[in-house]
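One structure follows; several queries about it will come next.
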Amino acid sequence: MRERVVYLNGRLVPESQAVISVFDRGVQWGDAVYDAARTFNHRPFKLREHIERLYRSCRYTRMPIRLTPDAMEKHTLEVIEPNMPLLGPNDDDMIWWTVTRGVNPLTRSVLDCHEATVIICTFPVPFRAFAKWMTRGARVVTPSVRRTPPQCLDPRAKVSNKMNHILADLEVKAADPEAYSLMLDIHGNLAENSGANFFFVRQGQLCTPAAHNILEGITRATIVELARSLGTPVVEGDFTVYDVYTAEEAFLATTTYSILPVAQLNGAPVGGKRPGPLTRRLIEAWNALVGVDIVAQALSHLELEPLAVKR
Amino acid sequence: MRERVVYLNGRLVPESQAVISVFDRGVQWGDAVYDAARTFNHRPFKLREHIERLYRSCRYTRMPIRLTPDAMEKHTLEVIEPNMPLLGPNDDDMIWWTVTRGVNPLTRSVLDCHEATVIICTFPVPFRAFAKWMTRGARVVTPSVRRTPPQCLDPRAKVSNKMNHILADLEVKAADPEAYSLMLDIHGNLAENSGANFFFVRQGQLCTPAAHNILEGITRATIVELARSLGTPVVEGDFTVYDVYTAEEAFLATTTYSILPVAQLNGAPVGGKRPGPLTRRLIEAWNALVGVDIVAQALSHLELEPLAVKR
Amino acid sequence: MRERVVYLNGRLVPESQAVISVFDRGVQWGDAVYDAARTFNHRPFKLREHIERLYRSCRYTRMPIRLTPDAMEKHTLEVIEPNMPLLGPNDDDMIWWTVTRGVNPLTRSVLDCHEATVIICTFPVPFRAFAKWMTRGARVVTPSVRRTPPQCLDPRAKVSNKMNHILADLEVKAADPEAYSLMLDIHGNLAENSGANFFFVRQGQLCTPAAHNILEGITRATIVELARSLGTPVVEGDFTVYDVYTAEEAFLATTTYSILPVAQLNGAPVGGKRPGPLTRRLIEAWNALVGVDIVAQALSHLELEPLAVKR
Amino acid sequence: MRERVVYLNGRLVPESQAVISVFDRGVQWGDAVYDAARTFNHRPFKLREHIERLYRSCRYTRMPIRLTPDAMEKHTLEVIEPNMPLLGPNDDDMIWWTVTRGVNPLTRSVLDCHEATVIICTFPVPFRAFAKWMTRGARVVTPSVRRTPPQCLDPRAKVSNKMNHILADLEVKAADPEAYSLMLDIHGNLAENSGANFFFVRQGQLCTPAAHNILEGITRATIVELARSLGTPVVEGDFTVYDVYTAEEAFLATTTYSILPVAQLNGAPVGGKRPGPLTRRLIEAWNALVGVDIVAQALSHLELEPLAVKR
Amino acid sequence: MRERVVYLNGRLVPESQAVISVFDRGVQWGDAVYDAARTFNHRPFKLREHIERLYRSCRYTRMPIRLTPDAMEKHTLEVIEPNMPLLGPNDDDMIWWTVTRGVNPLTRSVLDCHEATVIICTFPVPFRAFAKWMTRGARVVTPSVRRTPPQCLDPRAKVSNKMNHILADLEVKAADPEAYSLMLDIHGNLAENSGANFFFVRQGQLCTPAAHNILEGITRATIVELARSLGTPVVEGDFTVYDVYTAEEAFLATTTYSILPVAQLNGAPVGGKRPGPLTRRLIEAWNALVGVDIVAQALSHLELEPLAVKR
Amino acid sequence: MRERVVYLNGRLVPESQAVISVFDRGVQWGDAVYDAARTFNHRPFKLREHIERLYRSCRYTRMPIRLTPDAMEKHTLEVIEPNMPLLGPNDDDMIWWTVTRGVNPLTRSVLDCHEATVIICTFPVPFRAFAKWMTRGARVVTPSVRRTPPQCLDPRAKVSNKMNHILADLEVKAADPEAYSLMLDIHGNLAENSGANFFFVRQGQLCTPAAHNILEGITRATIVELARSLGTPVVEGDFTVYDVYTAEEAFLATTTYSILPVAQLNGAPVGGKRPGPLTRRLIEAWNALVGVDIVAQALSHLELEPLAVKR
């Protein structure tokens, strides 16, 4: 079977040849930014918004990127095109960009980097990783590791420095390998999952942590718009676990799965039926927007493929 | 000319072939740890201590590393041996280890990573980057970016998530490209340079920020021992810029340059002659310990090679 | 079978009659302090130290207590004496004091309370709750709930306001009902278990969180003394989970079980054999001090009684 | 004279027999939550809202309560009914609920508690405690003790752990026994009185500390609604003493006294006439809502009863 | 040439005789508050608002001022009148008030101060200090010194305790003598320049740090009103450098220069053309409001006078 | 009677002529530092230490001072000499230095200040302000205002920006005009009085807040030395009010009164007899060191002069 292609510094190469030097600053220091989008029905969703956010991350970290956003979009489409036919039934593609500060002799000045490494790749949306939570609701746990504060590294930039998130996941998954983390900021306010934003419904309002502690999710922004169009008030602010323990519904939101209902926080049930009524309406509005029934698409993967044996 | 070799997942390969997949978690997430040592007179210095610290970083981040520390040491020597003859006169080698959580389909669970990527490489100590400060003293500047607090990511683990440090350097070097950063913690206490520890002398005592906000440097520990053997009291604690503005001497300390005298903090002179009297005695003790005159070695590189044209 | 007696405001009453008004401020506001000691071989251990700490808690909270410490000690012995014969084989007694601000019409001023409620009771040490961890080592988990900071309520006073600890336990036990919590302070430093202090061994030193974030345990103080008498350096300071992940041994310490080896932190093993070599020496020194083999005593309860069916 | 009755775990008992075991976790650990409502003209005010808040407190603390909110309301009315005739002229009733985690052998796991202790009682509103401030305005003082932060124990849950508040009151009343505390949070923002919310008027706006640092008072919410219905803008946010020193009016608000004008902060006068014009309009709107002239009712108690001799 | 006059404690004196005792608490302790206004076209701008803010500062610091605001306004006009004719062409006047706690034998109680020292003076707006940035845009730098938090000294009061600001300026100007500081608060949020507020434009919204960390500028409030009247949404909140690095425009705002476009933050360009389109519209609206073309007025001073030789 | 003289910018002038321009930055911005010493038996005490601390304050704030420390000492003696004969019986002199950044047209750059204003004055030690507390013990109160953190302005520099201290005193003295403030830092640790350091004795150890939150008192350092010479262990660290509520003795220490016993903290008695036994021994050692019985000297002023009528 033909391999997927990867854009790497101006060339399209097969996945197996998409390699970078161990002397690249992305490898040595995590001196890189990234972004991720996906397709629905094989059509990229909000591609330009993702590329613009990638460039905001570059600006914040002063990446020496020479490609314009337009060129980045063009190359992205060049990667998607040959990869799309390789998808299975009911599949869609994740689109992934990485920009590093390039290859540079170690211990040289950060100012001496003049050519970013640019990577664009795609791979199938990992439906089987989350499909069963679509109907059961995810188990969410707050780890003791706190989200890095903005004065050290702004959570709104998508920097390839995920160890803070990874430590949170390791702690949460040590007790329950299937649980999702919900990180708090250093003041104990709700922040985010390692790869998703968090929403909950309280007294009929849709609530979500304010932008200063979190990645400003494009899925998140879309859900806020959808909720408002449904006449639901949306509150962005500083919330704590108290709000979730006493909430009526909750869900996670990210590019990969769009909306994932939450069933528990730290072992305590959140709300009643999963998904809750507002979550259900938001999923329906989402489906209408993207032209895919995201729950049916996810569940179809549980039927089609046997679950991998857990090591 | 023959290339240096790199150890990469069990094989020795030429530098130009030392590449890893863009799907490695080290590339995609900065999900990696590293360490660095060097040789003096072509003999590795405190190799075992560095490897043990690397394993502490692995333990903290739960890297799925299978190599034992003994095997890591053995492979390190296998890299050093063929690379050493490639050094120029008065050169010495940096030794660099990187351990990533390996190649893993993106968005899969962190628990599904079972084989770390291990990289060992060497390259010449970049003497020309710092040699002139050996006698003039470095200019040090405190950036506004604060060091990530331990409750988010412990500074004592050498994690390949250096964007916090890099942002600090970018800020400092924007105003003075040759300046060194001195980061503060979120309470405003002195922390560290992006790649070095900080020391100063006040009222005859050698002072250095306490371990909880910084990388626990092996050079740092060696200097503390040397100072005590010279009869100088050493104080580890929480210090502020006030201490440095009123200090008698100051220096940076790291594997690369060992001891680098400091001339200024934020444009204000620190002490009088550079290096100051205690710094000078510590350099002499260091030279005796490692068997190299580190100042002479560094300066020899200024004489031998023309300075690169600055872009 | 005869009931145990309880001292209640000047009288000895049977347990079943040891009741207080629902209008007592201890019931309504948690406006109370407490302390706990135990016997070894039916002899009270450091009784006076516990009573003095109880009085420090009273002084901090300005409890209107009229009993002198001497009278408190005398009444304590009056409670212990008739209760001791009711103990089973290999049993010992917990001794528990509670002092509330007394009965007061609700919403009246705190200054209008002039007579404390004083309760002294005993009950058997609950060996079966912890005995199996004596040899296996306890599983310890850091909850996301942080320890109340001293500027709000000083952790050194034993105040009957344990909801902060209880929330931590609820969070930890939701994922693993047998796990022990290890709370962090609001800066992410190690603090304490909901009812015990924490120790670990790193590089041959016995380390324990500094007193400002924790209950100043009398068991803790005794262990520090024992360690020093064994020639082991003891360090009190600000530590993080990094220290424990890279530690050689760890244990919990409190009145109830004295010393309880720790096997894991957040699912990661701590050290090798449980108990570790220094922990073992401290247990031996403890046994010598109190005249009881605390491990054997605990294990004897596993043999004697069938484990209760878990609901 | 007949005694008032108390609901205690399913039974109605006379006050003097409303006692609980000293082994109840409410007594031993303050492991309890509570709520308080009152009557106006002998009619309970917003009873259901108070019961719902009580259940939110239960949910946050995972109290093993078996009563439904409906049953709780029914039992509450059963307590009120026989107690109401015992009130004096111009009196009204306070209604008080306490839910503890029940009787449990000490040092057993928090998970082994399966039956909450439930207490419902009433007692007359203590008008004489606050009546004179209704016209003179209360003296308010900021203590140095800070309000416990939400990441340790959420102020929005009414937990029977009031020592933080009590220490604040003790500090304030040591200098002025009649003063009311106004606690600040750990960032120095205005929080709340030990038993009341705080409001002030600045530049024509009604301002009150945001919900995250305080008990979400039902009186507070009602006042916000009344102010908005009067056309007054209401701002919830982070305020400091600067705001109050430069305010035009201020008042305290709680179930017991509804609205209590404030005359001073830390000895400095707040505004001019007491109550100020907006406060006066809010009191009038409140009176209309509850059908009682709260100022007249309070003052009538000063006339009817001689003031108690102060000890 | 005739001297300008100064109001000093009830008398108008020539500048050269406007002196106060070294025993004045303003000299010895910085125990003073101040405010500053200016004229446009020789007409005082928002004089009453500045005097009211001065009195708020007095109230916060309990200055023993006896003058009423009306008298203060009258005396201010008495100072302006004789000073105005001394202005050069295209000049305008700064108006400066200082109120100290008066002369008091040192180390006496702060309560024993009963007569404030009151100073009112004017001097020409220092156009040449900022004129060139009007068209080029200012270079702004974030120092490591953080803005004093409100719980220590409220930034909204104009207290003559500017060392925090001065340290920030010294740090910033050590690297670039012409740079303007942009201080952050202790959480890393944008606060203010040492003498000006900060604004930026992001996604078409005008953003400015919320009032709790900054001087509540009267110029700032006027700009907010102007922006709203232009139909531009204004957001006051907690922002970080990320917001500015990714902003479209930025400017400083204060009494002296009204609106000063910003060209760079920490060496990174902010937006494109200076001033940006919204900034330009705000300057035009400002000009219309005050009746002066502030850019032309400033630039005229560059043409009229040779730049001083820099020492 | 002849006036005392003041050193002012190179000249000795009579007190009544010791005036500075209202345009001096010390007046306008509090842009100044200061220090204070005193005489015992008319001999200056530790004059050089005070001058050196003054120069550390100058270095931290980059004051453009041209006088050398030797010249400063010489001029100080020139002021003392003529002033000494003006002292009354049993009097001693306070010596006060102020250094401002000089006269500078307002709103000009801080870099354009090249000549500091230097003031040296003396005045009699205000014995009557504190004498009665020498035997009764002072009443100490913790205000809600927190001490400015070092990252904003280092407490170790004596900057003429005392409003933070003054607000604390105003708050404390509003409730009790004779009380002394004891400020806490932003974490709630004990810091200092507005003009003195704080000491307490607990379990036989002399304890005092660590240097990072306080002025590094020269009296404080001397007391630490005296205590150690008496064989008393001294602990510098982070303490809270809990420590003082449970302490055996406490006292304040500063240049003016040397050692002032403390009787109460927030209305609660501290220890028993005042001064406590260790305080008494320290006073005796102090008396021996300075050659004056400080208690007798203070009390003599109560006898000699009638107490002023309190306004």
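Think of it as A, B, C, D, E and F in the order they're written, each chain with its own count starting at 1.
Simple rule for what comes next: contacts are C-beta pairs under 8 Å (C-beta built on N, C-alpha and C of every residue); 3 or more make two chains touch, one makes a residue touch a chain.
As the structure is a prediction and not an experimental result, all values here were calculated from the model.
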Steps needed, at fewest, to go from subunit B to subunit D via touching chains: 2
Per the touch definition, the chains contacting both subunit C and subunit E are A, B, D, F
Contact counts by the stated rule: is the higher one at C-D or B-C? C-D
Compare the CA centroid of subunit E with every other chain's and tell me the farthest one. C
Write down the chain pair in B-E, C-D or A-E that repeats the interface of D-E; the criterion is over half of the contact pairs matching by residue number. A-E
Taking each chain's centre as the mean position of its Cα atoms, how many Å separate subunit A from subunit B? 33
Dist(centroid_CA(subunit C), centroid_CA(subunit F)) in Å evaluates to 44
Junction residues of subunit C - those touching two or more other chains: 62, 146, 149, 151-152, 170, 184, 186, 188, 241, 268
Thinking of each chain as a vertex joined to the chains it touches, would you call that graph a line, ring, star, complete, or other? other
Of all possible chain pairs, which ones touch? A-B, A-C, A-D, A-E, B-C, B-E, B-F, C-D, C-F, D-E, D-F, E-F
In the complex, the residues of subunit E that touch subunit B are 141-144, 146, 170-171, 174-176, 179, 184, 186, 188, 241, 266-268
Help me check something: in the complex, which residues belonging to subunit B touch subunit A? 6, 8, 15, 18-24, 26-32, 34, 61-62, 94, 96, 98, 100-101, 105-112, 114, 119, 121, 123, 126, 129, 145-149, 151-153, 159-164, 166-167, 169-170, 173, 177, 186, 195, 256, 311
If we count contacts the way the header does, which residues on subunit A are in touch with subunit E in the complex? 56, 59-60, 62, 149-152, 154, 156-157, 212
Give the list of subunit A residues in touch with subunit D in this complex. 184, 187-189, 238, 240-242, 245-246, 268
